[in-house]
Structures are given as structure tokens and as C-alpha cells.
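Both complexes shown next keep subunit A, but they swap its partner, so subunit B is in the first and subunit C is in the second.
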Partner chain A sequence: MEVSLDFSPIFERWPMLLDGAIVTLLLSVAATVSGFLIGTLCAAGRNSRFRIVSAICAIYVEAIRNTPFLVQIFLIFFGLSTLGFTLSAITVALLALTINVGAYTGEIMRAGFDSVHAGQWEAAECLGLSRLQTYWHVVLFPAAERVFPSLSSQFILLMLASSITSQISVPELTGNANYIQGVSFRPLETYLVIGVMYFILSVIMRQIFNLIGMVAFPRRRRLGTPL
Partner chain B sequence: MNISPDNKAVIVLRDVEKSFGQVKVLHGVSFEVARGQVTVLIGRSGSGKSTALRCMDRLEKVDAGYIEVCGHVVTDPALELRKLRLDVGIVFQSYNLFPHLTIGENIMLAPRSVKKLPKKEAADLARATLAQVGLGDKFDAYPEQMSGGQQQRAAIARSLAMQPKVMLFDEVTSALDPELTGEVLRVIERLAADGMTMVMVTHEMGFARRIADQLVFMHQGKIWEKGHGSILDAPRTPELQRFAAQEL
Partner chain C sequence: MVPTFGFIHIQFLLEGAIWTVILSVCAFLGGGLMGLLIALLRISPIPFVRRLAAWYIELVQGIPLLVLLFTGYFGLPAIGVPVSPLLAATISMTVWVGAYLGEFWRGSLEAVPKAQWEAAECLALTRWQRMFKVIVPQAVRNATPGTVGFMVQIIKNTSLASAVSFVDLTRAGQLINNSTFQPFVTFVAVAIIYFLLCFPLSVLSRRLERRMARGMAKA
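Let's look at the complex of A and B:
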């Protein structure tokens, strides 16, 4: 069997792949930030004294975790247009990715919050800190530090899963690759190239998370010990 | 049932009852603590000492009875918890320092975020209270870099930095070996000498007898005897007799 690989039609369209990679990265970073905010609020919401709040958060998490991402995207995409909202594909993609990763982040952060000993809450309470102040100063950072590896993995997974948004014609890396393989008739080469590009993007994101960890957790940076 | 101004009791417990589920842990506990007085609760594990102490800071809600601390009616459902906590400092057996913050940050946190003190003033305050507990050089250390005794002294400093009127100590040396226990107890003794009103739960009987203006002996959720340290020498009840014989 003879295998002949010809990458030249793909490298000719290099700028398109680069644009796609940039869209993928921006989409992922934006969804990571907003998804982390939503997930953290959701985790706190599940511990809320108000039952209705914890119920809403639980329903959200279960609804997202038990349905495929592709179906979620289609539901949001067609649902919004049926309701009369005309949003760009990239906006819908950002929305869907945020909602999706928010639910998973919520579960991870909840594990983090649960890992903070009740004595920490008590100590903060006895010092006069409000619940919000306790979350911010006492609970959030140790919780995030303990689950940081899981959070990083989840957000890298999100970046990889963003390839599914090509299905609603978002011009991200996979979407552009789909176009290139269509016009070059070189699918194997095309997907080999973007496979490598996704790998590089993952490595870049991991480095970014390492940097964030260094800045956010000074105790760990100085002592190097786990909490 | 309010305390008249001529009565100097800072803490009043009257007929306090408390159950955890089916288990009744406090059966009508009553005692008072005067300003500047040191009261030590003694008794076996499970006798209700810690629960009584925690009720004073509303970490537990009582089922019946009346508690007043520094003029705050703790048993009033409409009590403003934050006001109570500004007047009461509490130190726990497990230190409960915040592990991700340095000792200095641990101490500055409440003065800054609750009392809105500027950073500079809060730092000065933290250094002063650290010096008070003999940890002047530990401002930038993290809790895990210190011994248990040092951590507990830092926890005391953290409470003191809020300038409470009353300090509660819940078995603060139970996790420490004798040497470290000694250094923590010396800090507490100095506080007592400075006139701090204190209630403590401890198993250190020698220390209890030495420091207490009032000893309160609890057994199975009831107070059996209270009075000066001498109650240990001449117990009137068989319960205290047995306890004293075992502990001393």
C-alpha cells in the first residue's frame, strides 16, 4: 500500500487555519472566564440557605451534565432564533460553551467548597465576617487551589469541545478545517495539521493555567506544599 | 430579666437547655461571670462544657433559657450576630487559622474587612498583638510553618486584634504536647492578669485551679458545683469527688 501525503494545499491556506486557531483560543478564554464565574456562583448557590436557589442550581447542573453538548448548541441556536433573537453564530457558541462549562465548573467548585473545613467558616463567622466576605477571603482561594488541576483540565476540555461549534458554522479551527478539506480534497492532511494545532493550543493553555496558579496562590508558590 | 447596672456580670446564663436530636446536652445551666473574672468550666468529655461555651457566642442555638453577653441578649432571635461577635473573641481547639494567608494577613483580615481599618493601621495592630503573644517575628510566616503552640498563640492574637471585651477558650491546648501547652497557657495567664474577662473549657486541672476566679464543674449537662479553686479540695458532691480523684 502506498501512502502519499501532500500538505501543500493545506499550508497554502495557512492564514485561515491561524485565524481559526485564534477564534478557538479567544472563544475558549472567554468561556473559561464566564464559565468560572457562573460555576462558582452555582456552587455557592447549591449551598444556599434558600431552597429555591439550591434547587435551581441543581436542575441547571443536572440538565447540562446529562445531555450532549451538540444538542445543547442546537437547542440554544434554534431556540433563540425561534424566539426572534438573531445572534451571530459566534455569540451563540460563546453562550453555549459558557452554559456548558459553567455546570461542570459548578460541580468542581462545589467539591472545593466542601473541602473547606467547617472550622474555617466558624472562625470567620466569629471574627464578624459576613457570608460574602467569608466566601471571598476564606473559602474561595483554598477551594480553588485544591481543585485547580481539575479546573484546568475542564477548561482545556472546553477548548477541545469548542470544535463542535463548527456545526453552527463558527469559523473556529475545526470549522475552517472542514472548509479547507472540502476544497483541497485532502482530509487526512487537514485533520492531521489541526490535530497538531489543537495539541499546541492545549499546551499553551496549560502554561497559562500554571501562570494563573502562581499568581493566585502565593502560599503554594512560596512553600510548594499542597493545602 | 435584664441585668441591673450595679450588677457587674458581663455574662449571664440562666436555665439554659440544649439538645442535639434526642440527646439532651444541657439541663438548665446557670452561672454568671463578672467583669475581669476568669471562669473555667471543668468536667469529663461530653459533659456539655464546650456546648455551653459555644452557646455564648451563638455557635449553637439554645432550646430554652436566657443568655446575655456584654449586654447582648444572645437568646433573642432578633440579635444582631455581628454586634455580639465584635465583643466576643473565641479560640478553638483546632486553631482554625486560614491556611492560605500569612499570620499577618490572618490577623489583619477581620480588622480590615469588618472594622474597615486602613492597611497600615491593621498591620501595626497585627504586629502589636503578635508581640503580645510572643510571635513578633512570625508576621510573614504561613500557619503550616509553625508549631501547634505557635499556631494557637497566633489564633489568640487574631481574636485579640478585634479588641473583644470577652474571650472564650474552647479546649485550646487539647491538641498540644505539655511543652507547647505551657507556652499557650502562659499567654492566657498574662491576659487574665491584664483583666480580660474570660471563660475557658480545659482539661488542664492544675492550670484551672491556679487561674480560675470561678470553677464550674459540669457533669451530664448539669452544673454540680461552682466556686473557688478550693472546691476541688473539698468536693461536696460524689460526682466532683470522683472527677477530682481521677484528674488530680
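Let's look at the complex of A and C:
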């Protein structure tokens, strides 16, 4: 059988693909920021002196890390609507992505906090810094610096995972591609094109994270090694 | 009349869970072979082959699994290869798992101390013997905790096969939700079954890692 690839019906609809890519990027950036906050709080919570706080954080991390994102997003999307909250698909997508990546970031940041030398904690205590001050002035930056490579690959995985939100009809790149393949009857070409687009997005994101790392962690820039 | 979530639905979910396990095993076996191949190509003495494997890893790690699945499911029939949902999902997941395990196992192979490679060479072993009699057995030990951890990722990501009409645990949940309109109960049940599949592997992975760290400390 002769196979002929025809990309013109896909390229004709390029504004739709571009819109989708922008939604994907915005979702990813928003979820990266909020997920990082949640994850850092959660990592600090797991070191909390209050057993209940650390238990809640541990349960959150384990529950999220051991269930699929698709099920989480279905649970939030359909579950919230039966409870009477009607949120738009994109809000649910952002919420679900944040909750999901928060758990992974929490685990990564915990490793970062653990890697900070005990002497640093003790020194901060001797200087009379409060827990909050210790985290902010002493622990947070070295910890983030050390786990920065894992963090950035986790956030790139998050961008790729945002494709799953197409399953609750969020008009991001994959969602729009599903529509395009439906009307053009050119599924192979459509998915090849968005595959390339995702690849480009992930390359761009990696470069951006490298740049952020350079700016945020001068030691890495000057010496080429983390702390 | 709308049925309420009951025993019969749990039974249906468990049947879906069996298919989830079957797809996970297929994906792990296929992806494991692919990963081994990629890892070996990645440390080949020929620069071009090394680069080819690196490109494969880069490319696949930059594309969402969902898009790979759609490409397999819709794309293979479009080029004249008819596939069932299970086969399409297995092929796509093999490609995906192969890239991640390939990159991970390359690290494990390279983590085997250089002296072992040299000693094998001094004993006049062939490349093949050196790789499979000396290096791989030691690399397997390094790689086991991480590989078990990755199995959790595989099980979770088989849920995406529900998007290409493979009736796994997630799809079973969707079907039940469509008939009972009880999404909360249904998807919590689905999530619990996934958790029961994944959590033991997560714990095992962590335990293996700790045991290996202890072994390192002793040595």
C-alpha cells in the first residue's frame, strides 16, 4: 500500500495549533510556580515538629505519587461538579496540575532540605533565627540549588503531562490536535506535527531553566558546580 | 433507572485492573528490551551510533506519552498497519519506556567501575562476554531500585491508554461513571486500586535503595 503524507490540512489550521501551544505553555508556567510553592511548603511540613502536619504531608505525597494523573483530574473534574462546584475545564486543569506537581516537588525539595548540612541548621538555631527565618535565609536557596536539575526535569515532565488535560476538553495543544485530526482525517500527520511542537517546547523550557539556574545560583555560574 | 455504584461495578473495575496489569507487563517487557538496546547503543564505540541513540532519547523524552499513543493508535492504521488498542498501546509504551529506561540504564552501566572494564579486557574476554558476563550483572544491581520505581510510572501511565479506547482500569471507571453518575465514588475506587498496585512497588523501591546505600557504606 502506498502511503502519502499530506500536511497541508494541518498547516492550514496553524492558528489553532499556535493557540494550543500558548495554552500549554501558560498552563505549565502557572502550574510550575504554584506547584513549586505547594511542594516547598509540603517539604517543610514533612520536617514539622507536629506529627499531624508531617503525617498529612506524607499522605498527600504518597497518594498523589501512587495514582495516575488522569484519574486525579477525572476525580477533581467530575467529583467537584457533583459537589456543586462548577469550575471551567481550564481551572480544574490548573488545580489538578498544581496538586500533582506539588507532590513530586515536595519529594524533591525534601531531598534538598535533607542535603543541607546539620551544622547549618544548628548554626541558624544558635544565631536565634526562627524556623521560618532558617528556611528562608539559610536552607531554601542551597537546597533548591542542589536539586535544581531534578526540579527542572520535573517541570518539563509537567509540561508534557499537561497534554493529559485534553481529556477533560481543555483546548491546549493536544486537545486542539484531537479536533484537527477529527476534521481533517489526517491523524498521523497531526500527531507528528504536535509531537515536533512538544519537542520544541521542551527544548525551549530546558533552555529557560538553564538560564534561571544561571541567574538564581551564581555559585553554579562561577564555579560550574553546585554547593 | 440509574444504577448505583455496587458490587458489580467493583467487579468490572477489577477486570479493568487486570488489563492494566497486562498492559503494564507488556510495556515493561517491550520497553525493557528497547531500553537495554538503547543503553548498549548509547555506550557503543561508534560515535554515530551513540549520537543516534542520544537523539532517540532526547526526542521521546520531549514528547508526551499521550501523543505517542495517539500516533501509534491512529498513525499505524493510516500507514496500512492494522492494530488493536492493546497492540498500539504496547508499541507506543515500548517506545516511551525504552527512552527512559535506556537513559537510566546507561547511567548504571557507566557507574560500573572502570577497573572492571579493564580487567575484563585483560582477561581477553570478547566485547560481548565483557558486557554480559562482567558489566551487566553488576549494573543490574545498581539499577534495580530505580527500575522498580519506574515500574510505578509505567503502571500509572498505562491509564493514558484509556484515551485510545483500551478498556483498562481508568476506562472502566469512565464507563461506570457514565452509567451511574457517581464520579466521586467511582474515581476514588479507581484511585484506590491504582494505589494498591503502585504503593507496594514504591515501598520496595525505597527499601532496595536504602539497602544498597547501606551496602555502599560498608564497602
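Things to note:
Rule of thumb we're sticking to: the second predicted complex is superposed on the first by the 226 of 227 C-alpha atoms of A that agree within 3 Å, B and C clash if a C-alpha of one lies under 4 Å from a C-alpha of the other, contacts with A are read in each partner's own complex, and residues count from 1 in each chain.
Throughout what follows, a residue touches a chain if its C-beta (ideal position, glycine included) is under 8 Å from a C-beta of that chain, and two chains touch if they have at least 3 such contacts.
Keep in mind it's a predicted model, so treat the numbers as computed, not measured.
After superposition onto subunit A, the partners subunit B and subunit C occupy separate space and fit alongside each other.
Here subunit B and subunit C are compared by how many residues of subunit A each touches, and C touches more. Contacts of A:L192 after superposition on the shared chain: subunit C is touched, whereas subunit B is not. With both structures placed on the common chain, the touch criterion links A:R219 to subunit B but leaves subunit C unconnected.
By the touch criterion stated above, A:S8 is placed in contact with neither subunit B nor subunit C.
Once chain A of one complex is fitted onto chain A of the other, the partner contacts of A:L129 are limited to subunit B, with no touch recorded for subunit C.
By the touch criterion stated above, A:T86 is placed in contact with neither subunit B nor subunit C. The gap separating subunit B from subunit C at its narrowest, counted between C-alpha atoms of the superposed chains, is 22 angstrom. Looking at subunit A, you'll find no residue that touches subunit B in one structure and subunit C in the other. Those residues of subunit C that touch subunit A in the shared complex are 59, 61-68, 70-71, 74-75, 78-80, 152, 156-157, 159-160, 162-163, 170, 173-174, 177, 181-184, 187-188, 190-191, 194-195, 198-199, 202. Of all residues in subunit A, only 117, 119-120, 122-130, 133, 137-138, 141-142, 145, 217, 219, 222-223, 225, 227 touch subunit B in the complex they form.
Partner subunit C is touched in their complex by these residues of subunit A: 1, 3, 62-63, 65-72, 74-75, 78-79, 81-83, 160-161, 163-164, 166-167, 174, 177-178, 181, 186-188, 191-192, 194-195, 198-203. Those residues of subunit B that touch subunit A in the complex are listed here as 57, 59, 81-82, 85-86, 88-90, 92, 94, 96-102, 109-110, 113-114, 142, 144-145, 155, 158-159, 162.
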